[in-house]
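Here's the structure, in structure tokens; my notes come after.
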Amino acid sequence: MRLKLPITCFILEIILIILFGVLVEYDKETDARKWHHSNHSEYDNDFYYRYPSFQDVHVMIFIGFGFLMTFLQRYGFSSVGFNFLIAALALQWATLMQGFFHGMHGGKIHVGVESMINADFCTGSVLISFGAVLGKTSPVQLLVMAVFEVTLFAVNEFILLSLLGTKDAGGSMTIHTFGAYFGLMVARVLYRPNLHKSKHKNSSVYHSDMFAMIGTLYLWMFWPSFNSAITAHGDDQHRTALNTYYSLAACTLSTYAMSALTAHDGKLDMVHIQNAALAGGVAAGTAGEMMLTPFGSMIVGFLAGIISVLGYKYLSPILESKLKIQDTCGVHNLHGMPGVMGAIVGAVTASLATKEIYGDGLEDVFPMVAVDKKSASYQGGIQAISLAVTLGMALGGGLLVGFIMKLPIYGAPSDASCFEDSIYWEPLHFYSHLCFSK
Amino acid sequence: MRLKLPITCFILEIILIILFGVLVEYDKETDARKWHHSNHSEYDNDFYYRYPSFQDVHVMIFIGFGFLMTFLQRYGFSSVGFNFLIAALALQWATLMQGFFHGMHGGKIHVGVESMINADFCTGSVLISFGAVLGKTSPVQLLVMAVFEVTLFAVNEFILLSLLGTKDAGGSMTIHTFGAYFGLMVARVLYRPNLHKSKHKNSSVYHSDMFAMIGTLYLWMFWPSFNSAITAHGDDQHRTALNTYYSLAACTLSTYAMSALTAHDGKLDMVHIQNAALAGGVAAGTAGEMMLTPFGSMIVGFLAGIISVLGYKYLSPILESKLKIQDTCGVHNLHGMPGVMGAIVGAVTASLATKEIYGDGLEDVFPMVAVDKKSASYQGGIQAISLAVTLGMALGGGLLVGFIMKLPIYGAPSDASCFEDSIYWEPLHFYSHLCFSK
Amino acid sequence: MRLKLPITCFILEIILIILFGVLVEYDKETDARKWHHSNHSEYDNDFYYRYPSFQDVHVMIFIGFGFLMTFLQRYGFSSVGFNFLIAALALQWATLMQGFFHGMHGGKIHVGVESMINADFCTGSVLISFGAVLGKTSPVQLLVMAVFEVTLFAVNEFILLSLLGTKDAGGSMTIHTFGAYFGLMVARVLYRPNLHKSKHKNSSVYHSDMFAMIGTLYLWMFWPSFNSAITAHGDDQHRTALNTYYSLAACTLSTYAMSALTAHDGKLDMVHIQNAALAGGVAAGTAGEMMLTPFGSMIVGFLAGIISVLGYKYLSPILESKLKIQDTCGVHNLHGMPGVMGAIVGAVTASLATKEIYGDGLEDVFPMVAVDKKSASYQGGIQAISLAVTLGMALGGGLLVGFIMKLPIYGAPSDASCFEDSIYWEPLHFYSHLCFSK
């Protein structure tokens, strides 16, 4: 621990800096010469179309994911602190990997607000996987995971978006399904049969749940920005935000209902509220930009909340006992199943697309249908295939990376030290005698 | 409790989904076909004018109101959790009610960013009322209140904005006055003579006040966005944000001054800081879009802060002892009196409007004066009448809905169980032995 | 205390209101008549270019700075509460002072979104100084400091931006260097040899560090908006945000590395994570709008993180023991040294500017070079001189204002009462018996 983390961080960052020096340059909207070379209104700069959405996404990544994971009673520093560290790494590495696969211009990777959003998206996928292994991995393990996962994410994204022509603006497949199943497979490989040794720390206390609600609400509020951040300008961004807004609202009602219904005494469970209420955003990630209608969005969100609570209640214990997957945050329920559901909803919605419904907007949403004259059902089929590809990449990648992470060289915590900040952070002080002296 | 909450949530959400299916469709800015049918620049889409403001308003509704109410020591989960639940319901129902009264096009309710902002506004009104009854109502009671209050809000808004031609962009009347007096009347009807049984829980502790400050600051920071979110494009949005910014700054100074001045030992009171410092935003809700000038805005904010602290200090105890209104959050001081003050400021400012001051901008701010050739004092009179209408609707509506909420079928908490999370939430754990083992 | 704070607040606010009444009017983008007088597209209103950035900056000022300082175990109310108070004062006074020096039009100060951003920037500088004296000053002392510091800030800003033609969009010099060295000099003058009496309170506990992380993350996430908020429209805002984003990401990695490396047992220190990870934003404050490239930005951030952690670890103890500067928050490490570094990076980057690199964009970034035909090295020299001017103004101003603050009339806390909320706030209740009764 003494040297592993510093050396890993320094080496990774120096490599990143060198690669940025060699490969990265401003795109034509951030470069002073190129932007002023041609005649634009300043408003045409994509900054004004996307920067507010970028900032919302950025808050989701650092506050949203970071605080959502602070529910553990003695792992708050690590939850928000490691989230911060691996996100800062992942967004740099993602810029290179995504640029390499679909942002090269004359041998250079071009960067601007869209690459920033895409890098944050890819980072989100890594943080989902982090949720599955939360409390059981050292920061060096997490950095290693981030490096490999970002790479595989970019490959999967390239296959879907560039090769197949899949539509997945909010990332039901590329971000949520991929991140969840990748993380679950890593958790499987890193299975700890004696995790009961730290079981008493693997739970929340009152104030840690309050902090977690900050994460939940920021994710919930800004999800419309997440799903719409890189859709086409105009009606597309507008419609995606609207659909996601309704999906989330409906999901919240069904989450509360199911949480009370599945409890033995009708009480609400903070785990469900913190997580399942977000499933509506995940499930609208693919079809959100399509003509899903508010009606359709609400049905999707409503079902996503139900599925997610049922997953927390009944499926997670089975995953642990039968499949040996210890999914700390329940990412299977928040990102896995709702992500798959979102992919299916997207495939169905795509296959129902017609020129009558979309008008000239068809070109923005389904260029393959509008320009390449493929049929809508072809698009739907592509969407379905993309889900299968994503699941395969995630499970295979997670398996591989799980074994890499299992190498006994990264200072993984002992079973008794899981879910415990004090092994990574300078002496912790809980409520001191001062607090009780009044 | 076991079944009441789930059944209520499911029934309400299913009704909402059906009504959305029948009644709601995309407006021309969110519909792919309609948007692309005519020739726009993408920038003309209202999304780019209003979405950043919408997101700020959204944060105020879920984080701002939610965390402002977490000051109670044992009611944090319910404060933020029920706020989340009733807001998610109210925004859907508000879309329908507001659409029904002033958003119908050929039998359909059109939705887009403006309807989203308006729905959030209406939700804000419900959350204000929630503040008055905080800790003393079950979630089912709150859902019932939300359904009725949203309906009456929409009727009142329709009378003011559509029938009378009132100006109230930031909702001093429609949102704050209505929400506050509605909630106060509900609190009156639900008066609990034996509330002293849970008095020891009706107070804050150190960390619950820290959480509440998160709510306060988000409300304070984003209030300029709230007041300007649906004003006319251009100078109107710009001016409204500016006026509100100065009103709030001045209000903060007078709040701190009054808090120290009214304390017996010159100490500051967190209740005042958390609440009264926001009164400047409420009081600028009507006149904010007018040519109030920074000077005028600061006077308004300055006075609002003073009135609000005096209310907390001297009026709230009287309301409870004489009028039997137990106003948990003091919404009368934060939303009630400042809302009335804002309405009066708006009426006066409107009656002073001239073509010399507003130029061609008069049409945006006072179309009734500019286009319909009514006099400014007519507009001022309308504004004053609107305050009376709003007060009448709020008091009458609150009385009616209070009695509906009093029916003994919603699982209201006992007097001893008020302000207590543990009756609604899975077993709570406060600081465990772990915290003290170091 | 009984009357000092109320009287100070009232007098200051009344003076402000009167001066606003005499001096301030809407600019042509917020005034209904002036805006509608000429023919614009509504989009040309600067509101749409800058308001989202303004709101991000606003969050940094009130939540970012406010919560960053809540790390102290018994000073959370004062940290966030006094931050709120002095920020609300400073932004009003800054509007006047900045307007007086560089915003007068025909005897009137014009206000709009740009003046709001500038006022928030100036406020940020005051809050940096607040960090140096945190816990050791009464609110009246802080208000006095704010009044004088804002004035001197405006003078320094006027010398740099208006007289010399310095570029400093994100304020490495005007905001960070000025605020830090001003605050350090104030702290020197207010040196308390017996501060050890309250040493046990000058530290964090677990949950206070969690609250502080909220401040840290908001500062980190929104720093791209901070640096880009008042740069020229188009590529300039876009590029500045991008550069800052990469600088911060690289800084985070080097901060974690250095924090673990400098600890005796390889553990991470929350002080470093909360503060040093932000140094990359400070250090990109001047050069961020220039063609620094992502590569250059990352090097800058990387070094800033290293310098900042080293400062916390080795320099702060020396500052206290040798120079008698008790820098509560370590602003020298977060704002002082990274600010100076940012100024130097800016000078070097400016001196390397060529028409080949900037094209026609040179006019936006370096009008003195593009229009006045000065050489790039002249611009670089001006930048270097500006750093010296800023340091002189800050140190001299801090010395002067420190002595004013030392006058024994403001109710400064005793040595034993430092870092203690209970002398300013109504009775505090920590965890009550209720919490332990379950």
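Letters A, B and C mark the chains as written, and numbering starts fresh at 1 in each.
Here is the rule we go by: contacts are C-beta pairs under 8 Å (C-beta built on N, C-alpha and C of every residue); 3 or more make two chains touch, one makes a residue touch a chain.
As the structure is a computational prediction, the values presented were derived from the model and not from experiment.
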Taking shared residue numbers divided by all residue numbers at the interface, is the value for chain A and chain C over half (same) or under half (different)? different
Angle, in degrees to the nearest 5, of the Cα rotation that carries chain A onto chain B: 120
Inter-chain centre distance, chain A versus chain C - centres from mean C-alpha coordinates, in Å: 32
Where in chain A do residues touch two or more of the other chains? 43, 48, 52, 206-207, 214, 428-431, 435
So in the complex, which bits of chain B are touching chain C? 43, 48-49, 52, 56, 73-74, 200-201, 203-207, 209-210, 213-214, 217-218, 220-222, 224-225, 233-239, 241-242, 245-246, 248-250, 252-254, 256-258, 260-261, 263, 265-270, 273, 277, 291, 293-295, 298-299, 302, 356-362, 364-365, 422, 428-431, 435
Contacting residues of chain A [partner chain C, same complex]: 1-7, 9-10, 12-13, 16-17, 20-21, 24-26, 29-37, 40, 42-43, 45-48, 51-52, 55, 58-59, 62-63, 66-67, 70, 76-77, 80-81, 84-85, 88-89, 91-92, 111-113, 116, 139, 206-207, 211, 214, 423-426, 428-432, 434-436, 438
